[in-house]
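Labels A, B, C, D, E and F are assigned to the chains in the order they are written; within every chain, residues are numbered from 1.
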Amino acid sequence: MDAAAELARIARRIALEELYAEYVHCLDSDALEHWPDFFTDACHYRITSAENYSAGLPLGIIYANSRDMLRDRVSALREANIYEPQTYRHLISGLRIERDEGDALDLETHMLVVRTMQDGAMSLFAAGRYADRAVRTADGWKFASKVVVLDSRLIDTLLAIPL
Amino acid sequence: MSAAALEWPKEGNARVPYRVFADPDIYRAELERVFLGPTWQYLAIADELPQPGDYLTTFLGETPVVVTRGEDGQIHAMVNRCAHRGNLVCLKRRGHSDDGLTCVYHAWRYDLEGNLKSVAFRRGVGGKGGMPDSFKLEQHGLQKLRTDTFAGLVFGTLSPDTPQLSDYIGNDIGGRIGRVFRGKPKVLGTTSQILHNNWKLYVENVKDTYHASLLHTFFTTFRLSRLTTAGGVAIAESGAHHTSYTYGAQRGDNAASDQLYSEIPSLHEDYRLKDPRFLESVDEIGDGITLQILSVFPNFVLQQIHNTIAVRLVLPKGPEETELQWTYIGFGDDDAAMTEKRLLQANLVGPAGYVSMEDGAVGGFIQRAIKGGEDECSVIEMGGHEHASQPTRTTEAAIRGFWQAWRPLMGY
Amino acid sequence: MSAAALEWPKEGNARVPYRVFADPDIYRAELERVFLGPTWQYLAIADELPQPGDYLTTFLGETPVVVTRGEDGQIHAMVNRCAHRGNLVCLKRRGHSDDGLTCVYHAWRYDLEGNLKSVAFRRGVGGKGGMPDSFKLEQHGLQKLRTDTFAGLVFGTLSPDTPQLSDYIGNDIGGRIGRVFRGKPKVLGTTSQILHNNWKLYVENVKDTYHASLLHTFFTTFRLSRLTTAGGVAIAESGAHHTSYTYGAQRGDNAASDQLYSEIPSLHEDYRLKDPRFLESVDEIGDGITLQILSVFPNFVLQQIHNTIAVRLVLPKGPEETELQWTYIGFGDDDAAMTEKRLLQANLVGPAGYVSMEDGAVGGFIQRAIKGGEDECSVIEMGGHEHASQPTRTTEAAIRGFWQAWRPLMGY
Amino acid sequence: MSAAALEWPKEGNARVPYRVFADPDIYRAELERVFLGPTWQYLAIADELPQPGDYLTTFLGETPVVVTRGEDGQIHAMVNRCAHRGNLVCLKRRGHSDDGLTCVYHAWRYDLEGNLKSVAFRRGVGGKGGMPDSFKLEQHGLQKLRTDTFAGLVFGTLSPDTPQLSDYIGNDIGGRIGRVFRGKPKVLGTTSQILHNNWKLYVENVKDTYHASLLHTFFTTFRLSRLTTAGGVAIAESGAHHTSYTYGAQRGDNAASDQLYSEIPSLHEDYRLKDPRFLESVDEIGDGITLQILSVFPNFVLQQIHNTIAVRLVLPKGPEETELQWTYIGFGDDDAAMTEKRLLQANLVGPAGYVSMEDGAVGGFIQRAIKGGEDECSVIEMGGHEHASQPTRTTEAAIRGFWQAWRPLMGY
Amino acid sequence: MDAAAELARIARRIALEELYAEYVHCLDSDALEHWPDFFTDACHYRITSAENYSAGLPLGIIYANSRDMLRDRVSALREANIYEPQTYRHLISGLRIERDEGDALDLETHMLVVRTMQDGAMSLFAAGRYADRAVRTADGWKFASKVVVLDSRLIDTLLAIPL
Amino acid sequence: MDAAAELARIARRIALEELYAEYVHCLDSDALEHWPDFFTDACHYRITSAENYSAGLPLGIIYANSRDMLRDRVSALREANIYEPQTYRHLISGLRIERDEGDALDLETHMLVVRTMQDGAMSLFAAGRYADRAVRTADGWKFASKVVVLDSRLIDTLLAIPL
């Protein structure tokens, strides 16, 4: 591969690493109003369990088919739903490009989330992977689809803040 | 203190000592008297086990159970405990076996009804060892549950004294179950929550028709359901089971209702959805009931919220921990659009549900709040002191009904 | 074994059966008799709640409590448990409300003093449901604590029998608290530790004037404090409270001291700081006392180590778990340089403190060591068998004082 | 229920109520009567402590113990609990000290035999404080264990009533230990597992000669060991200890054996290793025994599987949790090739062992299965009802032997 | 360093990041049959504890000296050994090149594994590091040696799936 | 952006990734004596909680204003303080450049620390982020400021080894 192509390939990978870094920063710093901006208008977002996913069952814990539905989710969290103060800490690892169409990619990364409650209790809240579809747009890479596949069937108490 | 030592308040079902949600001895007694006692508990949807040899594992209280489809095509259930030295006979949550059930520890084999068919090396090896002649296979099967099916739902009990399932459920509640299961159910998916509270705090929440529009402000805001919309609560005579139902909002008077709710902090006049598609529902049953929450004592819940239908199982995991299992249902004749409706409306419920996430937390709040107050009591007087059906949901009658059923079982 | 069954050793306060640190029944009895009993427990610094409507949540033992600044400008405290069905009324650690306290479950509303002001749908809806007429708001408020303030510190108790706070603390200990709180306190920050030991093991450690220069070798090495420097321990007559105090090193005789410590493994002659700025302290109080550790029974600690001042709250979280909360204090008139001094000296204490990290671990070591030895006893004879004030810290008198106060409460 | 209240089934050792694996009171009684009672428990390999001043820490049940090599060159063991206020005297798992043992809390010093040698500031400071004259060092040493060594293995007990170690083990079992320890042992490494089951479920597994070829299908498949290969079980008269032994497969009749095993699901005719080097073993002892599993009551195991030799210690960590510690052994005269053999064959055992990983899980399966069935019993009739030695492994005699020894200690 | 060399150095590092991403994906997606392909024929694989490792004790919880032995391990897991359904979720962080011989490298990364059982229980199963020797071969980087050094002495229940 | 600039940007990012890899390796391999070398002479180091940080409260669990203070911390751990043997395992993820001044950067990364005690007990000891100021010096990137912001208010037992 020639140097320019190599450099482009590397630059793209780094851009994707940065995309995920910004994404989890957005969630973990309670900047939820910006969370929908990581997606395309007509996006799919779903949180499900490996059990449902591998059985081909379509149910999502959260199931959205548009960026506006993500905006509504944030509004509800801000205005309607009641839950204790809590924060997430995402760790991302092992980015892989599963399908490479240049400006449209199927991506997968491992993820882990530690949740901390206001009393200080930390717990392993989620472990799993992001099975995503990212597309290059005028203002950078966006998620056309993001399926959060959790290894566990169990959610501790509730899932308010998205993953 | 021991389970027996608790003295119930003279106010009866209108008062519940918080100790019943925290005391380990009471909890142990419940596992015995309620969950291994004369109650029917939900095990599975019959269609989850289509083929002979299919099995799944679940629990009666904390006791592991395996549910099978036998060679005879019938559903069977046994305690998942090997008759030899107590190993789990089935290790997987779901599975299929073509030659019965074999325990991994010493390869004792059972048929799908739990009868012991063979014991490895029963006759020893080379004339040495083996089981004594006094050992009879037929005396060492798996402990069998009684099972029965209602509207395609499989229930089980370990007690010979539990009345027939249909009598246990009764016609009224039974009809309200049948109302939902009109077709062949199709599982859309499952999810579970760990709740950091005693199982009864969640069951109270389910039977609490008073809280919905107050705790779940999402509901109120969108006028999806208010205590001002037409509806009520049906309660079995025994108090054990209940159904709360709500008719479409249009039957209510919004102006008067807003007026009434104006005192409640939860109303956000200005709050509108950007993409309301996920609330587009159809009256698939055709009776105008948009919300039905139904419970069968002690731990089964059936929910219809618009087009999202789910059964919930409430499993005790300790005095202060509970697992809540959801199974979401569609029907065989759903087209893609209908399925999509159900999936979108499923955002309303479950661990992240717009109108249910609070239910996952509030029990834990109570569990924390009652520490040091085990001898204090909750006050359950909304709607009076009785546990009869009422044409309103501004009542805690169904909760009083629960205690009416629970207390004699526990001897209080 | 039950709490009652423990027989106290004939040596009295000089022996403590390890069982009192491990037995769940004794622990449960303590929650009742000590923490819900006739004792004053630290709740907050009054200045943490400047405005009416400000509130914070804390605990009496394991019982959740909310502390408010009322419309009347006074501090109030109530059990954080809704009078309806026991939900936590305040969910946040700190907050402010302009219209009293509203429970999220069914929107019952209380004023800032815990009086029930309204019950949602009390009169039902459309003439159906609602509370019976027999229900009286004034009979269903939050359980109120008695509160009192000393030197800007808020204490609370649930018992009518607890003597007045100033009498409870007494003049001697009271003066030593006032000595530290000369100005308007300003919180510099907080931190907490989870200790894997019974709460009393930490309280013993606080009252243990014998261990400091032996366990905390950092102290010794820098001659910050040695048992050879002038100082002593003041103990309330009841034994309940204590203060240990140390004068600046210069008052001691280092040569003699080094000689004495030469047997102790902890001395490192050659150990010097590369950047000693963090130890630059000023005698801000002006009485030459560089170290004062003070405790008020059962679980309050006030510390002055040079210019780092902190209050500590010891919260039981189970027979073998304890939360230790630190609140670091400066004063309104501190300039930037003084604040910086306090922040740098704060390296001495807290979870990573040069002279306190060991205290976080040693209780857990004991908790592990006493397993299987619950009927053995600790030997508390340093400085004799009494619990009187002494002009030395080479004594365990303050620890004996703790048991002198604890035993009658527990009936031992 | 209390430990005493359990009524043992009339079938004796052929039935075990599951409650003994779950009940917290029974567990607490065991810590006292079994682990602090008249039993010898494995502490260390003497060669792990070559030099005076070497020490390591371990447990008798849950009671922490320190084992030392004294100045006298002898092995000593004491409870790891300071005589002052109960702190752990030794914090490290392994260590060396040239001047005895010093407690970090107040620097009390003990010699390597646990005698108290000095108390910091015993005479106070400047004539103030210090210990009363009545305090005698010799009355405040560490609690000492009796220790004895057999074939280089150090055992300890806290009871004066435990018979001499060699009598306790007996000639038969003793000889089978000596058979393995022919040379100077060399530790190749250690590993530990946390098992989510009562300690006795693992000990039953060790003594269960019936399960090996059924649960561990790897074994069967490679004809490494089958119940059809020659071997048997030797059981101490008391029932307390056991040894199961197997001779090389060649002594068995494979055709007949395959025939017999053809009913067992575990046989995979087609299954062959791609790199069988890890099974290349030598008959280092020369008696043709390729497998020996030996136990000394209550919690010591010695294993020889071909050339992989390990001692296992079974430590109770709660009614439903157990730590299993493995120490793998080679000998001083092993050459590199022999060591490599042992390391490769070690793939057979331990947490990831081809023929042992199942043992780590099956106890937990049982623990889960018996919930709600505490009054049910396991059926232990393979090979009859006795606990005598047998020339076959198709028996549960060694398990019955365990209960024969356990029951009188516990008063059942 | 000139641009070409710099680019090559960066490309190599990214290739190594991708190697680890593929490696943990293989384990966590139950593609165990491909696991041996990450190794050279004559490889060393060992799982041990920091305690054994730092004491110079050679014992391994798993100890293999050839790729075929790794294949045998997989066959045993598939055909012989009995264990409850469970999945791992690896997180990798902090790749470091300890010794650089160009096409042969000593590598170290931090690793953490969350294990999820079929009942949904998640636990911190392993934390530690990979102390590896990687070589560049015709079909990419392979492990000539991989020593998994676990911080803890304890294994919860059993270790079936390799790390 | 031209290739050279792009390459430089990428090289810098990789250098920063390596900086964090070396930093956590130093702490987790008990090479504490080298820990201060990651900082400039006049540095600020602080460990605090999100609660203090977001409330603008200046308190630190550890609070140092010079590299020498970090050296003193290490000496105290080695010579004076008493604590049980324990090790950390850091995981770092999601490096972000918050402010880019070329040779001086405000950086943020997510971090998680698993602590292992000598008895083998592992626990989630810390989760949070590094809010850092890094500067390019003659011998590479150094931290002019490092603020460890922990999500939880609680420290389990004690904090001896720095984060």
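Quick note on the criterion: contacts are C-beta pairs under 8 Å (C-beta built on N, C-alpha and C of every residue); 3 or more make two chains touch, one makes a residue touch a chain.
None of these values were measured; they are calculated from a predicted model.
A.B. asks: Could you tell me which chains are in contact with chain D and with chain E alike?
C.D. replies: Touches both chain D and chain E: B, F.
A.B. asks: Farthest from chain C in C-alpha centre terms, which chain would that be?
C.D. replies: E
A.B. asks: C-F versus A-C: which has more C-beta pairs touching?
C.D. replies: C-F
A.B. asks: Just grab the chain with the largest centre-to-centre distance to chain D, centres being mean Cα coordinates.
C.D. replies: The most distant chain relative to chain D turns out to be A.
A.B. asks: Give the pair among A-C, D-F or C-F whose set of contact pairs overlaps with that of D-E by over half, matching residues by number.
C.D. replies: Checking each pair in A-C, D-F or C-F, only one repeats D-E, namely C-F.
A.B. asks: Whole-Å distance, chain B centre to chain C centre, using C-alpha means?
C.D. replies: So the centroids are 44 Å from each other.
A.B. asks: Approximately how many whole Å separate the CA-defined centres of chain B and chain F?
C.D. replies: Comparing mean C-alpha positions, chain F is 48 Å from chain B.
A.B. asks: Mind pulling the chain A residues that touch 2 or more other chains?
C.D. replies: If we look for residues of chain A contacting two or more partner chains, we find 3, 7, 10, 82, 84, 91, 93, 112, 119-120, 124, 153-154.
A.B. asks: Which residue numbers or ranges of chain B touch two or more of the other chains?
C.D. replies: Residues 91, 104, 192, 215, 266, 358 of chain B each touch two or more of the other chains.
A.B. asks: How are the chains arranged in terms of who touches whom: line, ring, star, complete or other?
C.D. replies: other
A.B. asks: Got a list of which chains touch which?
C.D. replies: Between chains, contact exists in these pairs: A-B, A-C, A-E, A-F, B-C, B-D, B-E, C-D, C-F, D-E, D-F, E-F.
A.B. asks: Which part of chain C faces chain F closely enough to touch in the complex?
C.D. replies: Result: residues 187-196, 215, 217-218, 221, 266, 268, 271, 273-275, 277-278, 323, 328, 339, 343-344, 346-347, 350-352, 354, 357-358, 360-361, 364 of chain C touch chain F.
A.B. asks: Using the touch definition from the top, list the residues of chain D that touch chain B in their complex.
C.D. replies: 18, 204, 210-211, 214-215, 227-228, 260, 263-266, 358, 362, 365-366, 368-373, 376, 378-385, 390-395
A.B. asks: Give every residue of chain C touching chain A within the complex, in rising order.
C.D. replies: Touching chain A: residues 91-93, 104, 192 of chain C.
A.B. asks: Considering the complex alone, what residue numbers of chain C touch chain B?
C.D. replies: 31-32, 35-36, 60-64, 79-88, 91, 102, 104-107, 118, 120-121, 124-126, 128-132, 135, 140, 143
A.B. asks: Provide the residue numbers of chain A that touch chain E in the complex, in ascending order.
C.D. replies: Those in contact with chain E are residues 3, 6-7, 10, 13, 50, 91, 93-96, 108, 110, 112, 124, 127-129, 151-154.
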